[in-house]
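Here the chain labels run A, B, C, D, E, F and G in written order, and each chain numbers its own residues starting at 1.
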Amino acid sequence: MANRPFDLLNEAIGKEVLVMLKGNIQVRGTLKAFDVHMNIVLESAEQLENGEAKTKYGKLMVRGDNVILISP
Amino acid sequence: MANRPFDLLNEAIGKEVLVMLKGNIQVRGTLKAFDVHMNIVLESAEQLENGEAKTKYGKLMVRGDNVILISP
Amino acid sequence: MANRPFDLLNEAIGKEVLVMLKGNIQVRGTLKAFDVHMNIVLESAEQLENGEAKTKYGKLMVRGDNVILISP
Amino acid sequence: MANRPFDLLNEAIGKEVLVMLKGNIQVRGTLKAFDVHMNIVLESAEQLENGEAKTKYGKLMVRGDNVILISP
Amino acid sequence: MANRPFDLLNEAIGKEVLVMLKGNIQVRGTLKAFDVHMNIVLESAEQLENGEAKTKYGKLMVRGDNVILISP
Amino acid sequence: MANRPFDLLNEAIGKEVLVMLKGNIQVRGTLKAFDVHMNIVLESAEQLENGEAKTKYGKLMVRGDNVILISP
Amino acid sequence: MANRPFDLLNEAIGKEVLVMLKGNIQVRGTLKAFDVHMNIVLESAEQLENGEAKTKYGKLMVRGDNVILISP
């Protein structure tokens, strides 16, 4: 059980996560790294449109202040 | 009675809360964790549309700066 | 007479206040708690639409950065 | 003559001011209090629409980050 | 020649400046005061619409975070 | 070669730069000064619309938080 | 493998990156420099529209708070 919100990200390292960003952007990929600003790095990432993969990225860094929610 | 706003979140740990986010997004789930930035973790969460469940998430982390209001 | 803006909130504890939020959202309820970020807790709260009660909440926490104005 | 911007607010305490807020909102009232964040308290306040009084408030606290301009 | 941006404002004290604000608002007036947040006080100020004076203000305080650009 | 982003601005002092701002505003002029907030002063500046000069300014101060990108 | 998000940028110095910015702006170029604010300098940069090169820039500085994501 997570006691602090960032524990959820710690547990999700190496696993697939879905990230919803401001501006109606969704990305999905394997969580490789994150920091206290919620900047995150995904591998084998793809940007989704209406739930479908639209653009594929080998690696991706998301700036934390765009994040709305993250789900492992 | 809550004397400081975050007392309300402390009392709501383990209970269902409704969270209204910027961008007309609503999520509902069991409050598992929160921090001083109002980052929150929900379990058994679902995103609502017009009050109806639209997407289900096992676990969900919401970045605090998206929060408009939280109701236990 | 209020000498500092937050004195107005101190005087309003236990009384009904109207809170206008960004995104054209209005809530009304009994002010139970607030902090320096203007996070506030309301009890017996309701969300208004065109001045009419639309949704009722037992308790409600509003994140301070959404607040436009508060009137006791 | 004001040498620092906040001197203008100091001189305006007890006088009527017009406050233009983000989101095309205008309020007018007697300036009772302000702080370094430009949070302000008005008395005998009214919200304007097209220069006409629309809603009257006994007392009103405006969160500073909504302020565009203030004119005594 | 200005070596630091705020030197330009120092040189403009007592002179007329044009200030372009977010939300497509323009004000013009005599610069009386400013601070490090770019809060500014104008005298004999007027709000412009399509380059024409629309509303006149004796004195005006602009909150700095609305400023896009200032031209002496 | 720039090793830190602000080195690019240091090298551009006295040269013409193009500055793209939020709100679809572009200005061009000789870079005279900048600071760590990316506040910048331009001389012989002009505001562009669709790549054409629209408004000319002798001197111009741009508040840094409006900047999207700067190109020497 | 990146352990901290900025490691990804360190590894990408001298390589081509795609940068997605707020306001539906995309730029691509060789990463020359970055700092902790995610301010970045690109060389041989171009702005994209619908995936096609639209405007070319020799050098380009992007202010970090506009960044949504960066992909090497």
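Rule of thumb we're sticking to: contacts are C-beta pairs under 8 Å (C-beta built on N, C-alpha and C of every residue); 3 or more make two chains touch, one makes a residue touch a chain.
Computed from a predicted structure; not experimentally measured.
Asks: Rounded to the nearest 5 degrees, what is the angle of the rotation that puts subunit A onto subunit D, matching CA atoms?
Replies: Fitting subunit A to subunit D on C-alpha atoms yields 155 degrees.
Asks: Once you find the CA centre of subunit B and the CA centre of subunit F, what distance in Å lies between them?
Replies: 42
Asks: Taking each chain's centre as the mean of its CA atoms, how far is subunit C from subunit D in angstrom?
Replies: The answer is 19 Å.
Asks: Could you list which residues of subunit F touch at least two other chains?
Replies: 65
Asks: By the touch definition, the chains form a closed loop. What is the full order round it when you set off from subunit D toward subunit E?
Replies: D, E, F, G, A, B, C
Asks: What residues of subunit E sit close enough to touch subunit D in their complex?
Replies: Counting only subunit E, the residues touching subunit D are 21, 23, 25, 27, 32-35, 39-41, 45, 57-63, 65-66.
Asks: Using the touch rule from the top, collect the residues of subunit E that touch subunit F in their complex.
Replies: Residues 1-9, 22, 38, 64-65, 67-72 of subunit E touch subunit F in their complex.
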